[in-house]
Amino acid sequence: MARFIVRRIGQMLLVLFAVSALTFLIFNVIPGGDPAVRMAGRHPDPGQLARIRAEWGFNDPVYVQYLKTMQKTFTGDLSSYTTNVDVVDELRKRAPRTFALAIGAAIIWMLAATAIGLYTAARAGRFADRSITILALVGISMPVFWVGALMNYYLGFKWGIFPNGGYVPFADDPWEWFYHLIMPWTALSILFIGVYSRVLRSNILDTINEDYVRTARAKGLSERRVMYRHVLRNSLIPIVTLWGLDFGAVLGGGTILTETVFDIQGVGQYAAESIGQLDVPPVLAITLFGSFFIVLLNTVVDILYAAIDPRIRLQ
Amino acid sequence: MPEPLLSVRDLEVSFATDEGVVQAVDGVSFDIGQGEILAVVGESGSGKSVSAMTLMGLTRSPNARFSGSAMYKGEDLISASDERLQDVRGAEIAMIFQDPMSSLNPVQKIGAQIVEQIQAHEALPDAQARERVVELLERVGIPRARERIDSYPFEFSGGMRQRVMIALALSCDPNVLIADEPTTALDVTIQAQILQRIRSLRDETGAAVILVTHDLGVVADIADRVAVMYAGRIVEQGSLDDIFYDPQHPYTWGLLGSITRVDKPRPARLPAIAGLPPSLADRPEGCHFRPRCPHEFAKCTEVPPLEARVEGGQHLDRCWLTVEQKRSDREVLPGEIGLRSKEGAPA
Amino acid sequence: MATEPATEFALEGPSALQGEPRRRGTAGMGPWRLAFRRLRSNRVAVVFGFVFVVLVAVCLAAPLWADHVAHTDPYKNHLTDTVIVDGEKKDVVTPDGIPIGPTWQGEFFLGADGNGRDTMVRLLYGGRNSLLIGVAAALITTFLSIVVGVLAGFFRGFTDTVLSRTMDVIWAFPVVLLGVALGTALTLSGLQIGPVDISGRSKLIPILIIAIVYVPYMARPIRGQVLSLREKEFVEAARAQGAGSLRIMLSEILPNLSSTVIVFFPLMVANAILLEAALGFLGVGVQPPEASWGTMIGDGVKHILSGPHLAIVPGVMLVVTVLALNIFGDGVRDAFDPRAKIHLEH
């Protein structure tokens, strides 16, 4: 176990290095993206440009620039090219918003999908099951930004049922925080509810024909206990791993569209804005932030999987 | 004969499937008394497993239809409510399944799985339930039971898992133990141990045992009485000696003839009954064995009742031939009984 | 889906019988014919497959509609024009910038956008782009995944390590973030690798980005399959006959991957179309003045207050297309490989 964790941490660091280097490289091959030009303003004179280049180290070789940027990221004085805002501070300010969105949505989609999966499996082949299965596919087929925009327009702007975008910190007003997040949570969850309920449904239908479920019935357990202790629990094992991976993906950048549509001002929206302005430092920091969660959750899921399914051995 | 413990009468089970209604069990009747081992023999699809599982309500589904009765202690199990059956399952009637590899929940410790059954029927604190599980595991011959109680099924061999299944079945001292092909998935040496275990448990607890099997070797080893099933019906029923030394139904002859024997010279070709069992969705009129039977005659288009034709009254069969015809017609090879193949029957 | 018998929840029913009748009529049929037969009998999947074909045909016919019905092209501004609806003269775009809604007649059938362009015409042309990018990206993803998966799974060792770690890195990137970053960078500068020179405005850029981003999702399962295939007896046999690695990969391994590929493909197209829409929404997909459904939704959302139809119409087209592909793909999976566990992100 200890050896497994050490090895995985090593792998994580390698992947994070590769991700950050790749991101840096992507933005350094952009010829039109010379940050000095943009920082100098509208009519830069050559002297000004040269000063900026020297000051920001744009004349150094790419790997030196990369190393310096990385060093600044971890010492916490990484500045944006465009706004002179400290990137790490900005991330710290925005992260809670993204966490609130991702965690809430993850809980909602898991609970909803479990309920729907159970319901459709119990009615497999009947009308309710078939129509819900189609609905789940509709959910998978809708772009989140489209659903979000329409929700925002109709439920928010036109009918005024929910606030029209924005975010209120929990500490300011818990109710408003919750109220503002209902629509973003829902929009973000729809896709996952569609995916998970279908996976769970088919898992349950596979599990219910297992011999050990028949054994459970033969033991004289109540139908409820058979369903929850034996069928549902075993059906959920693969879902839990999926959930961990998706939660990581959502935390690590999967909220970019939802945040933009609902103006949450979290890390995802920061990414969209920074990329649009070719502002490399925040993009780099955000990519690292995102990849960190993706890789971390991957590892957590492996450990979790081994914990809930004793047949799996960590290696 | 004293009042039987379990008395099954005219049990019928049918399922609605894509291919139409499948009559899996078609009028099965038998009695079983305390401490008795009844073997139900037949090939796959003869309805023996379905009959056994129906006694515990394990075949209940929206697509299944039942009729007949199974009286257990003055109560009909076939018409009993689901809730009532829950109390019966595991506590009064317990079952051992065919495949020990897949019959235990792979992600639960074996101890917990047995405790779960005990606590479903008795309000026993965890510690005491665990104590009982340790005793049970020791009783079925699992070494170091106290340590192994917290193992997972995948950490056991097939034979050990089947012992766990037996311990599970015995955990609430059932009066009836149904063993559905308990040894099919196991090695021959393990088979013998498991059978020995079932027999000694019968001796200790006085439980009635219904042993579902297609293996006549197992039957000869352990059974007191035998019921032979074919295409959903019992075609012959009697004591072990009746069935093995004076078989009345041509199908039984065929079954007995197909046993390979190590004490006899090996035949050039393994004897087999010609033809295939009928589809349960589309069976022949009258005697179901008719198309494969070399002794078929006009009367066979009528269903022969299961009744005593041999003197003594305890040996029942479903064949229109007279006892004398049967005794002279069955092919008695030196020391064994067989069935001629039917002329013109499909191989 | 639609072929599931109503008996699925029935526990011990027919399965306990182990009878032969269920197999009647299917014996002696090849797996392909069997799969096609299963697919054909899945009415819902067939209907939605047909819907997709119709959508493709309609989008391909965009020039016909533009020339003969709408009498305009997807780029032409009609800001100051008027159109006659029910005998009444109306501005295409009002002086305060509100575009006309659906007229339900030849010209401006679905109304106009803020620049006075015909929404219906743009929708059809945009559909061509969305579909082209979706299908082309899925084809490239499939090709790359097969190459990566087969090489990694077949040679194992060093090759596998390098390829799998590369996949891990792409996997560790947030999908949309990677797509947007690549899109931004490449749209500005284009792509120059040796003799290859792709302009930043080219549709090849979103195609390539989407194709690359999805490779790990398909290459991983293929690699797993190859790992088990290479241990199979028929591969041993081919090797014993002196077949080289290339021969074995092409004639022994590849044909056995076909059902996986068939199962993945429609779902891959659906996801590629969705990712293109996301990129388009964020402004890094198809570049203006050309349109795709994604960029049209993006524009529509920006101007949703002046007319929600601009967001709804392309969105509905997109959803119907992707839904048709998903349902059809589901049917394909049930028919060819019901055990396949597929999970894609978008």
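In this document, chain identifiers A, B and C correspond to the written order of the chains, with residue numbering beginning at 1 in each.
In this text, a residue touches a chain if its C-beta (ideal position, glycine included) is under 8 Å from a C-beta of that chain, and two chains touch if they have at least 3 such contacts.
Everything numeric here is computed off the predicted structure, so don't read it as measured data.
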item	value
Farthest-lying chain, centroid of Cα atoms versus that of chain A	B
Highest C-beta pair count, chain pair	A-C
Rounded Å distance, chain A centre to chain B centre (Cα mean)	55
Centroid distance [mean C-alpha coordinates] between chain C and chain A, Å	22
Residue list for chain C, restricted to those that touch at least two other chains	5-7, 9, 11-12
Residues of chain B touching at least two other chains	58
Where chain A touches two or more other chains at once, by residue number	214, 217
Of all residues in chain A, those that touch chain C in their complex	11, 14-16, 18-19, 22-23, 26-27, 29-33, 121-122, 124-126, 130, 133-134, 137-138, 140-143, 145-146, 149-150, 153-154, 157, 191, 195, 199, 205, 208-209, 213-214, 217, 238, 242, 246, 249, 252-254, 256-257, 260-261, 271-272, 275-276, 278, 283, 286-287, 290-291, 294-295, 298
Sites on chain B touched by chain A in the complex	56, 58, 82, 86-91, 94-95, 97, 99, 102-107, 116-117, 120-121, 152, 154, 165, 168
In the complex, chain A residues that touch chain B	210-212, 214-223, 225, 229-230, 233-234, 237, 308-311
Touching residues on chain C, where the partner in the complex is chain A	1-2, 4-9, 11-12, 15, 44, 165, 168-169, 171-177, 180-182, 184-185, 188-189, 270, 274, 277-278, 281-283, 294, 297-298, 300-301, 304-305, 308, 311-312, 315, 318-319, 322-323, 326-327, 330, 341, 343, 345-346
